[in-house]
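In the two complexes below, chain A is the common chain; its partner is chain B in one and chain C in the other.
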Partner chain A sequence: MGLQFFINAILLGGLYALMGLGFSLQWGISGIINLSYGAMVVLGSYLSLVLFNTLGLDPFISLIFSGFILFFLGALVYRFSLQPLLKGGIVFTLIITFAIRLVIENIILLIWSADYRTIRVSYAGSSLQLFNTFIPLTKFLTFIIAGILVYFTYLFMMNTKIGKGIQAVALDKEGALAVGVDDQKMYMINFAVGTALAGITGSLWANIYSFSPHIIGVIVGKVFIIAILGGLGNIWGAAAGGILLGFAETSGATFIGSQWQEAIGLVIMVAVLLFRPHGLIGKKFFG
Partner chain B sequence: MKDNNLLQIVNLNAGYGAIQVLWNIEFEIKHREIVCIIGANGAGKSTLLKNIVGILSPYNGQILYENEEITRFSSPERIKKGIGFAPEGRHLFFGLTVEDNLLMGAFQRKVDKKILREDLDFVYNLFKPLRGYRNKLAGNLSGGEQQMCTIGRALMSKPKLLIIDELSLGLAPVIVDDIVDTIIKLRNEQGISILIVEQDVQVALDIADRGYVLENGSVVMQDSTDKLAKNKHIKTAYLGVI
Partner chain C sequence: MLKNKWLLLILVSIFLLVVTGVSFAFDDVIKIGAAVSLTGKVAYEGNLVKQGYQVWEKWVNDHGGITAGGKTYGVEVIYYDDESDPVRGAKLTEKLITEDKVNFLGGPYSSAITFATSAIGEKYGVITIAPEANAVNIYERGYKYVFSILPPAPMLMAPIAYMMDEMLDPKPKTVAIIVANDLFPLSCGEGFRDKCKELGFEVVLFEKYPAGATDISALLTKVKALNPDVLGVAGYTADSLMAIRQCKELGLNPKLYAFSVGVMVPAFLNEMGADGNYVVEGEWWLPEMKLQDPIFGTTADYVKACKDLFGEDFKPQYWTASSSAAGSILQLAIEKADSIETDKVREAMASLDVELATWPAVAFNEKGQNIKWIHPVIQVQDGKFVLVYPEASQQNAPLYPTPAWKDR
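So, the complex of A and B:
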């Protein structure tokens, strides 16, 4: 029971870490609270569904397509709808991202209806066995891929030229301008990286859970909690926040009752806001 | 226009949105020249610098750099062309080490590591304390060391024109003397032109060859610093001589 609980929690937390990371980067670095994030995750799920139904592509492979398509969608959204209205302040970006969510949500409803969908790969029922505990294979692979992607995001930010430019605007925008970093380009790429992570999360989600436009709101709620737990724009913070939410929800479901699964995350978020408003890691970005 | 001008500004009007700050600015910097801009708070000194660097875009007028019009160039393009900028308030990346800050200064250059290594060495030889602190976070440096790091960061872009906003602000006089010596050395040995904005008019007049006096967004006077130092208006308004 103890080990099974731990494994369930950490497997869920791995997916949440990846899911929260994109949202946290967008908010913490580009300064955009992306209310369409949940819709972008679910869009990734449906892209994988289409590729699975037409070409029989495994979601572990189609996540590459979700990532690419959502990256370009994110770049376009930033360049043509967010950037021109940045001067309007945060309220404008909230309205726009909410509008984008409604557009994506209704397109999904039109094409695929509101029914819950699932993708069942041939190995969906297989499990690994560790002592007397079962680890579902799809969840295990999802955890590994999520971990690798979080680490790749970190490497991208630390070691590439664009990553360094993004670090620069995150740390000191005026300083970044002084050394010739194109700030808007960095915000755009960072936002697009965030939406790509959303799309990949969607593909991974589709391999484990059922999905429909109804879960968009639930996902937005979760990424808010993860980002706030970890501290905005902080990669390891978002990862820690995701794992923590995984543990919180699993303990809620295990010890109190599954109807409390969602509530316990919110309770922890309120506690963090009261006592550690900068998040548990408590540092902005790498600063 | 004369060919030996590195930078020339012709009839520049600029500001923030509807609020015009600079009026009909005429301005030039020759090769190997140190020029200072003096003026009270709100006179438009920093606004002028931001227009030269390209962080702000002017309403009209022309900015020429090496006889090429750069008025509509983006700030990364200008920095690539050789305009280095040490902004007011330093704006170092506090979360990064001193060396990473300096390397960030070379963001626009596409050169291999060996050349960057040599350029880092050049900066460390210029500002000796920085070498010892290369792996220390920039946020932990003292004010003077931070200013050295900011100027060093600007030098990493290999500028022909180095622009320093508020050189001495908040620094101890001994440190200011050190940095001033280094700047004069940079001009003499490297042939870099330098533009400084300085609150401490005495320091500005000591270091520069020529000066511009900015009042309410207009150039009201320009001359060699020797002559400016003797000017009655400068003496009473800026040097506190009665």
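So, the complex of A and C:
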């Protein structure tokens, strides 16, 4: 039971880490609290569903398509609906992203209805067995992929020119402008990377859980907690926040009672806001 | 000239036939008001409820009407659209009583709307027979004139406990129940828990999880450590999909999976495939049941009456059956009272204890709730829904115990 607890927690946390990362980057760097993030995750799930039903594509492969499609969707959304209204401040971006959520949600409802969907790959539900502990295969693979993607995002930010540009505008916007970095382009790419991560999370989600437009709100709730736990715009912070939320929910259910499993994440979030408002890991971004 | 006379005669006959209508064949007409949701968010269920009234109305008028006090009465149901709005429902109910002068009221779909309309019925002393409203608060107001066809929610899973007691061999001993923390699932789960205890099963776990949770692996790990014979899950469709999948992932192998809802929906079989086999669920009524009453005859006759009216593809489900049952109950009460006076009918209705073709059983407590069951249990067998309980309606015996995941 001890080992099973650990496995349950860490596998859940791995998915949460990836899920929270995109949201954290968008908020921490582009300055946009993306209320449509949950809808973008679910859109990724439905894209994988379509590719699975038509081409028989495994979600572990179709996540590449979800990532690309959502990347471009994110870039378009930023360029044509967020950027023109940035001067309006945070309230405008909240209203716009909420509107985008409603649009995506209703398109999904129109096309796929509100029924819960599942992607059942041939190995769905099978597990690796370690003594008396079960490691669900799809969740295990999801964990590995999530880990790889978080690391890739880190490499992208550290080693590419664009990544360094994004860091530059995040750390010191005026300074970056002075040396010729196109700040709006960097914000747009960063926002698009965030939505791509949302799409990929959606594909992975579809492989382990059921989904419908109803879960959009649940996801938005969780990414808020993860981003705040880790510190906004901080890659390792989001990863830590995700894992922490995984452990918080699992220990809530295991040691206190399952009805507290979600409340406990919120309690920890409030504690972090009170005592470490910059998040558990460091300050903003890599600074 | 002669030709014109004939034409006039025909026209006059048609006119007479139209204006006299139902009363042409009967001594008088009983008017029943039904403000139901034909548009709005519960329009789907609202229309099914209306169809249930229509089947009963047509059947009664085609089969000699209702006899009381030496007179035969035809039935006329007056429908309005409440737009899925309780306030509108209440206003229309007032209109039905004061302007249309209806004798009785047939309730709408949903507890929320019935809560409002039954208050109007009570104010004017008109009986409401509610087909689709089992929220407890409707019946806790001390009202005299409201009766429910649908039993209270805690009874939904009760027949599963009876099935466990009467049919399963070897008889299960321990039960773990997990419940989505929301009003309806909680009522179902608590009802199941209490019935299991009453029948001598040991309830080893009763735990709530947040409604809308997407991962309950931690809770199921706890269940696994207790190794119960029966796993009861009270939730919604998403919960049933989640529970089965995560049981499989964690190698959790109860001998019986008992669900409240979310099994007998197309999504369950589509999404679960063979993993959905062996699961049982409590139901209110099914068209495959073998029930009888003096009105429709058998359930099969009732299903045929529905198909005759709405086409061969129409298969009545419990939303339709419950409103037909509301009509049937009214009819039986009037015949028993031998009068259409409200208070006599009320008294007769309160003392009814019957089986209907359209409902497994009806008998009311002093609050007007239907506290009589046995309603059915279905099991998924080989990718199909099979009626396994009660024995009188059984299509196949329940498959038990459920094989372990690795042996399937």
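What we mean here is this: the second predicted complex is superposed on the first by the 287 of 287 C-alpha atoms of A that agree within 3 Å, B and C clash if a C-alpha of one lies under 4 Å from a C-alpha of the other, contacts with A are read in each partner's own complex, and residues count from 1 in each chain.
Everything that follows uses one rule, which is that contacts are C-beta pairs under 8 Å (C-beta built on N, C-alpha and C of every residue); 3 or more make two chains touch, one makes a residue touch a chain.
Note that the coordinates shown come from a computational prediction; the quantities given were computed from them, not determined experimentally.
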item: A:F98 touches, of chain B and chain C: first, second, both or neither?; value: neither
item: Partner chain in contact with A:F140 - chain B first, chain C second, else both or neither; value: neither
item: Which superposed partner A:W236 touches (first chain B, second chain C, both, neither); value: neither
item: Comparing the two partners chain B and chain C, which touches a greater set of residues in chain A; value: C
item: Touched partner set for A:F60, first chain B, second chain C, both or neither; value: neither
item: First (chain B), second (chain C), both or neither touched by A:Q259; value: second
item: Partner chain(s) touched by A:S127 [first = chain B, second = chain C, both, neither]; value: second
item: First (chain B), second (chain C), both or neither touched by A:F156; value: neither
item: Chain A to chain B touching residues, read off their complex; value: 161, 164-165, 167-168, 171-172, 174-175, 177-182, 285-287
item: In the complex, chain B residues that touch chain A; value: 53, 55, 74-76, 78-80, 85-87, 89-96, 104-105, 107-108, 139, 153-154, 157
item: Contacting residues of chain C [partner chain A, same complex]; value: 178, 181, 207-210, 212-219, 221-222, 225, 237-238, 241-242, 245-246, 248-251, 267, 271-273, 275, 405
item: In the complex, chain A residues that touch chain C; value: 1, 4-5, 8-9, 12, 115-118, 120, 124-127, 129, 134, 136, 138-139, 209-210, 212, 214-215, 218, 249-254, 257-259, 261-263
